[in-house]
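Chains here go by letter, A, B and C, matching the order in which they are written, and residues are numbered from 1 within each.
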Amino acid sequence: MTTVKADPVPAALAEPAPARRRGTPYRLASSSWTVPVMVFLGFFFVIPLGANLWRSVATGDALVHGPFAFYAKLLGDAYYAGILAETLKVGVIATLASLVVGYPVAYFMVRYAGRWNGLIVFLLIAPLLTSIIMRTFGWRVLLARKGPVTLLLHDWGLIARPTNLADDPIAVYVALVHVLVPFMVLSIVAVLQQVDVRLEESSRVLGAGPLATFFRITLPLSLDGVATGCILVFVVTNGSFLTMLLLGGGKVTTLSLLIYQQFNVAQDTGFAAAMGNLLLFMALICLALQARFLRREGVKA
Amino acid sequence: MSTPSLTAMPPRRRRRPNWAALALGAYVVAFLGFIVAPIAAVVLVSFSSASFITFPIPGYTLRWYWRIIEYRPFLDAMLVSIEVALASTVLAAALGVPAALALARSRGVPAALVSNFLLAPITVPAIVLGLALLYFLASLSFGLSFTALLIAHTVAGIPYVTRTVLAVYRSLPPDLEEASAVLGATRWQTFRYTTLPLVRPGVFAGGLFAVLTSLDNLPLSFFFGSASTSTLPVVMLSYMENQFDPSIAAVSTVQMLVAIVALVVTDRVYGIEKLTAA
Amino acid sequence: MTSAVPLKLAEISKSFGSLQALKPLTLAIGGGEMLALLGPSGCGKTTTLRIIAGFEAPDTGQVLIGGEDVTDLAPNRRGLGMVFQNYSLFPHMSVAENVAYGLKMRRVPAAERRVRVRRMLDLVRLGQYEDRQIHQLSGGQQQRVALARSLVTNPSVLLLDEPLGALDKNLRERMQFELREIQRRLGITSIIVTHDQEEALTMSDRVAVMAEGRIVQVGAPTEVYERPRTRFVSEFLGTANIFAGTVADRAGPEDWAVTLDLDRAPRSLVRSPEPLAAGRRVLLAVRPERLTIGPPEEDGIPARVQDVVFRGSYFAYELDVPGQDGPVFAYSQARREVPADGRVGLSWPASGAIVLQDAPSSQNSPASQDSPASQDAP
């Protein structure tokens, strides 16, 4: 059929090698397709944030008292330092509360929910279709002096007389957990799903009780999801101010709320910029922590 | 149990109930109640005949819905919100999708850096982004304009669209496009007939997320608030600062309905299973 | 259907970073020929195919289709057909739409498209499945759709990348014949990439065995199987027993007596068309089915049966030969009588052994561990 004899021995030894040509493999999209979005974000994301940084060190008081005057005020002044501490406190408490409230739900979804899982996921995601204002307003309704929760607590004798719980700092935490716990649950579910149920069964066969199995096997293996969820919740808490604005009776003031108030009241641009940068800095630290954590986990991420 | 039977069936052993699972289940039911309660409360209050919040609700009325129509800023702001959400998402998709397609198949440090850069706006607190953009755009003298609002929401929307398209495109085997090329398709034809139909679920899912986020992005929007550029959350917030009546509940309920309609329409245009699969 | 078009690869080479995937490689395929590129994973066979298709550009060299240099042509302008490893059928299209895709890209009118798609689906016996979705088809049916899709455009060359790898054994064997039959009927120049030696031997006119980025041997299936040039080829194409030894003297017109390292008696024979000088070190390859198991007292190589396995159409004997590292295998159609102590004598006719090109290791250590060609980086 064929007459052409193949030559398995390369003839390149006899002849000079042909000119080398660097080939690129076939690909649909070329890297130039990223240019428009890079230009857009460069102009409307990088430059504004850069300008913000510059504004915080080279305008107003910063020109008079040195470039870090605003930051010194933020960290040194008792009032502002208190707000910083409050911001961290709210973040940590909201994160831990979300974890404690959310973990059992995630565990139930992965191990027991079965055909109910779809419904639970739907109910977790459904609040995304409503505005934060609606959810916060909902807590004002529930926790109002004549709201159902207040009346119920009074009936059970847990509170002496109906008061407007919505103006109690506890309302801030309840509403924050309500908004954030779905993120925590879904983060943990994503990781918990990968944990082989046979590992738990092996632990039981080896003589560990259900609690020991949970704390020695399940929980350690799901720490990746816990970390992801915690960092996410913490960052979002730091950035939110609506909850603190509408609930807690103005008793919980965080950095975000301060930026909002400063912007509305006194237009001290340099100081507002410095506060924004501090908030951004905190977010970046969390991001770096997350990146490090996920890298440690290697391929699983 | 004790009834004697002729057919010798072994007694069916009743399964011991798993108390731990039952307790956990009861907790989850309570938890879901906690998730749903404030939303249900708002919907309920929106029909309350009382102009202050009291339970049980004394009577039902639709007057708070009429209030939306009477009070112009609500309607105007709702339109602004929808316009901004849709326009910024289309813009974000136009910018983000080609970049995601280019990055998904690239390896190496530069591609990874660019991908992270495109996702970065999501990690910057919206209030910081809004503040920075306002000062910057104001210095270009279009601080309080629809354009400014559109730009801000586009920056915030790019990560959502990019992220889902990246994920969907990465999950597609690259040889589908190679198959298309061998069959004689030009680059444009491959994009039009193979790539785009296959990444469409990603575009829709990311787009839906960007729209929903934009509708609710108060921290970003309130910096750009003016008579003609206030989004619904901004108007609602300023209304609440002055008076506290159930019309806010009615507006919230309507806004929720708009979001549900958006979801249903997306579902009709493109199956919801395909969205969640992405 | 198509006039048969020859394909030529001239000194193509390709590196990925520091890995040299293809050393300059030259290969010619005649019009209408079916050539198999056979080798372990990482040997460069897939890279070769991708260079022909145009997905990878070679660092050096040329790809010529019908005498025309297509090296710098985009894949869509080469007029090829290709069946991918996992078929790469478009999941968002029906069977008919998949097959029609290439015609649509060439702007063939809809009416003609319909006729040609139908004809092609009939050819692969899927006439009833036009409107099915891809996920409703079995693996074998998907494979046929992929074949129909690749052939409907009348390609000059058909590329098959492990086309049957995803099918189970029975279906794979049936599809091998079916595919071969269609290829013969259309007379289309074809290249099949496979790591399955049986598939390569069954389906192709010629087999090119590849290892470490180069072609080690090209030839008709029988030739490559029966006269492997190297230890790698002999072992990759089925099982081979390798013995090291030294040529003793001439034993016939083309036959030579060899002293094996393991027993040092000059009584093993090998057939070689080229003269072998006495005293030359050689490696012999003997296929298991050419080994004869006899009584131990005759002048066979003393061995002991370790295990007998029934393999359906034959019995496989695992033997321990003193002085030889690793087991020796012998296949036999009928079951042999083996004495209780398992002692037997092994022998083969001169035509059953061939001389490999590899140089054996030093005199005293029996060659077995060091096979340079079989190490292949993935």
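Details
Note that in this section a residue touches a chain if its C-beta (ideal position, glycine included) is under 8 Å from a C-beta of that chain, and two chains touch if they have at least 3 such contacts.
In this text the structure is predicted, and so the values were computed from the model without any measurement.
Among the remaining chains, C is positioned farthest from subunit B, on the basis of C-alpha centroids. When every pair of chains is scored by its C-beta contact pairs, the maximum goes to A-B. Averaged C-alpha coordinates give centres for subunit B and subunit C that are 55 Å from one another. Subunit A and subunit B, compared by their mean Cα positions, are separated by 16 Å. For subunit A, the set of residues touching two or more other chains reads 26. Counting partner chains per residue, subunit C shows two or more touched chains at residues 54-55, 74-75. Across the assembly, subunit B contributes residues 178, 181, 190 that each touch 2 or more other chains.
Subunit B makes touch with subunit A in their complex at residues 20-21, 24-25, 27-28, 31-32, 34-42, 45, 53-55, 95-96, 98-99, 101-103, 105-106, 111, 114, 117-118, 120-121, 123-129, 131-133, 135-137, 139, 151-152, 154-155, 158, 162, 177-178, 181, 187, 190-191, 195, 212, 215-216, 218-219, 222-223, 232-233, 236-237, 240, 244, 248-249, 252-253, 255-256, 259-260, 263. Looking at the complex, you find that subunit C touches subunit B at residues 53-55, 74-82, 84-86, 88-92, 101-102, 104-106, 149-150, 153, 159. Here subunit A touches subunit C in the complex through residues 1-8, 10-12, 17-26, going by the rule given at the top.
Residues 6, 8, 11, 14, 23-30, 32-33, 50, 54-61, 74-75, 205-206, 208, 214-218 of subunit C touch subunit A in their complex. Those residues of subunit B lying in contact with subunit C across their complex are 173, 175-176, 178-186, 189-190, 193-194, 197-198.
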